[in-house]
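The two complexes that follow have chain A in common; it is paired with chain B in the first and with chain C in the second.
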Partner chain A sequence: MTTTLTESRARKAIRPSGAPKGRRPKKLGRYLAMSPGLLFLAAISIYPTLYSLVVSFMRWNLSSGEAARFVGLDNFVGLLTDGLFWNSVRVTLVFVFFSVLIELVLTFGLALLFFRGFPGDKLLRALIMMPMLCAPVVVGLLARFSLEPTYGIVNQLMRSIGLPTTEFLGNVDLALPTLIAIDVWQWSPFLFLILLAAMQGIPEEVIEASKIDGASWPRIIWHQFLPLLRYPILVGVLLRLIDSFRVYDIVYMTTRGGPVDATSTMSWQIYNVGFRAFNISYAAAFSWLLLLLVLLAVNSLIRRMVARS
Partner chain B sequence: MKDSQKRTAKLRIGALGVITAAAVALSGCAAGAPQADSGQKTLNAIFLPADWGKVVQEKLAPEYEKETGVKVNVELVGRDAIHEKMATLFAGQDSSYDIFNVDYNWIPEFGKGGHLVPLDNALPDKEDFLPLSLKVATWDNKLLGIPQTVHPATLWYNGALYNDQTMKDQYQAATGTALTVPKTMDEWLTQVKFFNGKTFKGQKLSGWAAQAAKGFGNVHTWLSFAYSYGCKPFNDDFTKSTLTTSECIGATERWSEMMKYMPAGANDFTYDSVTTAAQQGSIATAIQWSWGQFATDNPSASKTVGDWQMTTIPAGPTGLSSAHLAEWVISVSKYSKNTEEATKFAVWLESKKNDVLQAANGGGDPVRASSYSAPTLTEQKLEGNGAARFRRLPVTLEAMKTAQPRPFFPGEETWETTLSTELSAISLGQRGVQEGLSRADEAVDKNLSQ
Partner chain C sequence: MSVAKGRSINWNVGVRAVVAVICTFLFIAPVLWMVTTAFKTGNQAFSGEIQWFFTPTLENFAEVLGGTRLTYALINSLQVSVISSIVAILLASGIAYPLARYEFRGRDHIAGTILSLRIVPPIVTIIPLFLLMRTIGLNGSLLSIIILHVFMNLPLAVWLLRGFYEDVPKEIEEAGAIDGLGSIGIFFRMVLPLAMPGVASTALLCFVFSWNEFLFASVLSNAGSQTVTVALTQYVTPVGTEWTLIMAAGTVVAVPVWLAALAAQKYLVRGLSLGAVK
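Take a look at the complex of A and B:
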């Protein structure tokens, strides 16, 4: 004990003055400065997330007046044997895959068109951005009115050029593609913004050098742009992917999961279970499976992109 | 102090400022909950943003404050949001709101949970209320809500169309019978088929329209068919779904057949879509809530002012005509800190005078039998038209005699969601009637077992 204390004092003595003394208070100061934010995060995010995990192992209906009780994996087993759950997984995956894919292809093309600049490009760019500025609920409402078969502007335009009246939201085969189209309309500007900014950051020398080497534009895009844009694309796609998985607003405003269950996404089902039936525990389990699915999708995408690079 | 240390100190002060500002802002967020004015008794109420909620917010609550000095803050919130708020606030035994506008099918759900104040002793003249309106506000022999407005489904028909001589002649020639207001489902189907595709006043007609969207709309329309065919969706104690009885199958087959004569996009039709179609005069008949007639009599929005008439739902094969009932009640939260004052306000809202006043201001159909003969309502005429503004009231009163509520048990909302999906599949031809109803039976029984 005596030896240890002496050694410690000796170590302190040979340290340059100032450096060791200040470290602890500085660290403490940092933690103190961060603590309100961390506490806030813990209160509004970490605690509810963990609590929802606890709830997912219980049976708890908010309106029943009965106390919650532990039921182990019952909710998860119930979900995995529930046809509605698997339907919602299928609908969500189709929605996510096609909406993100179409947005990516479309906005890559648009960004290529805009990155060189042309007369009026700023005005057009601003117009392209506009859907993104609308609240999803407003977009859903607009879509509902615009696509209404009798009085909606889309059908009126279609009829005026001799096309038949189409039930975009009421047809089992068309409802999901229509929702994908609405999502593409609203959120393409987001990816466009990311891709355009990234493209404009590509050094001009790279393009010029490729041209001097005789590379055609398609080759420049394939061999220069795509590798250089890999990470901006990854970030944009990841953000859109996560956002698409939790699509709810436009479903609520347009189809409410119908017709039949053609647009019943996981988020919609969670709402139905949690806020119509108030089966909070089942909804919590549902949410955790959704989270798992999102994590799996995001993780596999990151792995693939990183492995390729 | 070195420059870097000064900078660090400044940064820390800045950070502290940001944190303080955030804390102030967050405390401001907490002000989103209703606040009581100091010294004055205040009640907080949530009503539906329908006309009966607006009347309470704009006219009756301020009048109550003048009369009693009690301030009533009325928030108008959509149906789904009311349901969500009630469940979450009740689960937390939260006293933020004293009064809720309640769709009667939530009474069993919140009644079973013991979240609502029994109002039996507070209502002095129950005998004046329409019996059915009180019945659906009662759970476990306790009156848990004071009826505010009733809307039985009724059959709407375009009176101008039914009185048009050319149409009458054409109908006679086509069917061999006179065109009269349909009394039975078969007569109605014949007329719907006849009118569908005809042109009247420049509008191409569809035979009929009704709510058909997935969610609850298609269930609500289907219920009027089901009840008129004698279909009972459950056994007596709500332990078994009985949707595959011959009555239910017959009702569903007829409903499904009639869906062919609705306008394009009908599978997505909501209450508003039906109203718009009626206002445009593009449908011959409709199943719609009685109260909705005021919208078609609004000259700024309707081309059919004074044209729409009503009758009771056509009778099914056994001669039974039974409408699906819609009704909203006023309930008091058990967790309110002012239950006595809140109860007084709820009772006051449905006094004889106020029941009439609400109806006169477009706030839905009255809940008191005496209001149906109130001159304030019966003598009102539409401006420049001469038609009685409340011509629907005798039909509403008649419909209330045989109307039936939605299945009155705590899981009704879930039941609607489940059945709605299958009805949607049936109406879109994705499943046959028998198959769809069997699947619904299976899904409902699974829910009941949980």
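Take a look at the complex of A and C:
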């Protein structure tokens, strides 16, 4: 008993930092280091989120002098019977589904094209990133200019191969597909980079072994690549889903939700309701439904991602 | 990366290269067209034919940068992006380093919660924060935009930095402890310098996202605090042949991002995938 005590005392004297007493300040230190960031995140997310939830149960228009008052579920009931709300849900889901699907298929092929390498592949890979690095606002301006009927590069090229001049952004049927095409053009490079890096990370032995077994390339891709690429594909698709649900900038710069609400995404519609009509409570309720929709769409994916890391 | 020597592979190289060049061209043609148009006179741009070769002029850039609105916006954006990136890196390091180094209760929970903030669409965040900024009178200030950009970039920065700090060998810290350095000394004098390439790339990515951000900046800014993306909206309804000016403005806004991406190239994929692909 006494000997152990003295021993431990002696140890303390020799290695003060390793002693049990030294541990507490260390633990405290890590929480001290984390606290500014965590408090900041909490302040900017928890309080406003709750506030937004409260506002969504009120009637509050910033342009009218009327004081805000509680109206219960009025906003939500209103939304569920609002044609413009359902229209924006449909537009958003179509936009998200087709842009992410097309991007995935397209970039998988593109990555297969690149992953074995050829002279100059690094340069091409760097160039392909350019659309993704432009601000969506810049891409919006560029899209307007490119698709302009008379001088736009797209219509000039179409005319040169005998196709008729087309108003892509002004046509009710073409506006949404055009927005999807713009998104595919801008964000395919993002998925491409992720898939390519992941493919290049596949051990050479895996491919060699399959080839020795006599497997053809399509078989190797299907049976070896897809299982190995599941996690990168999961992350890439998750990030693209999250980002395409928030599509707003491109709509603002090109169609402004038109023609006849054909491209009125949820984010765009919420902006209109909240910051143009100043019906801030209706917009708050609307935004909660958007959040629920996004959570529903990505919930299982994000769980898998967190579990994996 | 060893390139396989199978005959079928070699046969394919030429074909793949040609297809890849065509695909690449489809991606960069509009960007090239933007940049070339920015260097054209109105007559050259609107001749009805696509001209890839012409005598370049700088007058569009002179006019765009001489017009004070975009110039002020560039200064505003520079302040917002640089300050918000630095603050994001500092706050994120405080969280990421303990997450990377220590086992403690709730560690994965904290990391997961922070990541889940990335899911929330910005239009959801901006409504209450607009009301909050209005109440405390920060509405229309650069500070309000900086705060939101820090918020926007923090989850990304935490996840990336966590990975970069994990990459620093643990022995380094033990060596530092033997030299008598405290935790703070170990972090700033040993870990940070070693993780610097990753940290700098993370900062550059934050810069890019802040520079390109539009919704927060458009809701919170007033005439004096417009960022570049907000200033570009003045060109949304072009008059006549203003397109050469517009493309010059677009190029001016895009160039800093291209430079930042070039500098961060090594860690770009890792950064964009939140560290999932290395």
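Throughout what follows, the second predicted complex is superposed on the first by the 272 of 309 C-alpha atoms of A that agree within 3 Å, B and C clash if a C-alpha of one lies under 4 Å from a C-alpha of the other, contacts with A are read in each partner's own complex, and residues count from 1 in each chain.
To be clear about the criterion, a residue touches a chain if its C-beta (ideal position, glycine included) is under 8 Å from a C-beta of that chain, and two chains touch if they have at least 3 such contacts.
In this text, all values refer to a predicted model and were calculated from it rather than measured experimentally.
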Report task. Could you tell me if A:Val260 is touching chain B, chain C, both of them or neither one (first, second, both, neither)? Result -> first
Report task. Figure out whether A:Arg276 sits in contact with chain B (first) or chain C (second), or with both, or with neither. Result -> first
**Report entry** First, second, both or neither for A:Arg246, with chain B first and chain C second
**Finding:** second
Query raised in the report: Which chain makes contact with more of the residues of chain A, chain B or else chain C?
Result: C
Query - Contacts of A:Leu290 with chain B and chain C, given as first, second, both or neither - result: second
Query raised in the report: Given the touch rule stated above, what does A:Phe97 touch, chain B (first), chain C (second), both, or neither?
Result: neither
Query raised in the report: Looking at the overlay, what does A:Glu167 touch: chain B (first), chain C (second), both, or neither?
Result: first
Query raised in the report: Touching A:Tyr151 in the superposition: chain B (first), chain C (second), both, neither?
Result: both
Query raised in the report: Between chain B (first) and chain C (second), which, if any, makes contact with A:Phe76: first, second, both or neither?
Result: neither
Query raised in the report: Which parts of chain A are touched by chain B and by chain C alike?
Result: 29, 33, 36, 148, 150-151, 275
Report summary line: Interface with chain A, chain B side, in the complex: residues 12, 15, 19, 22-23, 80, 83-84, 86-88, 90-91, 109-110, 112-115, 213-215, 263-268, 273, 276-277, 280, 282, 410-411, 413-414, 417, 420-421, 424-425, 428, 430, 450
**Report entry** Residue ranges of chain A in contact with chain B within the complex
**Finding:** 29, 33, 36, 62-65, 78, 148-151, 165, 167, 169-172, 255-261, 272, 275-278
Query raised in the report: Once bound in the complex, which stretches of chain A touch chain C?
Result: 17, 26-27, 29-31, 33-38, 40-41, 44-45, 47-49, 51-52, 55, 110, 113-114, 116-121, 124, 126-131, 133-138, 140-146, 148, 150-151, 153, 156-157, 185, 188-190, 193-194, 197-198, 200-201, 204, 207-208, 211, 231-232, 235-236, 239, 242, 245-246, 248-249, 252-253, 266-267, 270-271, 274-275, 280, 283-284, 287-288, 290-291, 294-295, 298, 302, 305-306, 309
Query - chain C to chain A touching residues, read off their complex - result: 1-4, 6, 9, 12-14, 16-17, 19-21, 23-24, 26-31, 33-34, 37, 45-46, 48-50, 91-92, 94-95, 97-99, 101-102, 104, 108, 110-112, 114-125, 127-132, 147-148, 150-151, 154, 158, 177, 183-184, 208, 211-212, 214-215, 218-219, 228-229, 232-233, 235-236, 238, 243, 246-247, 249-250, 253-254, 257-258, 261, 265, 268-269, 272-274, 276-278
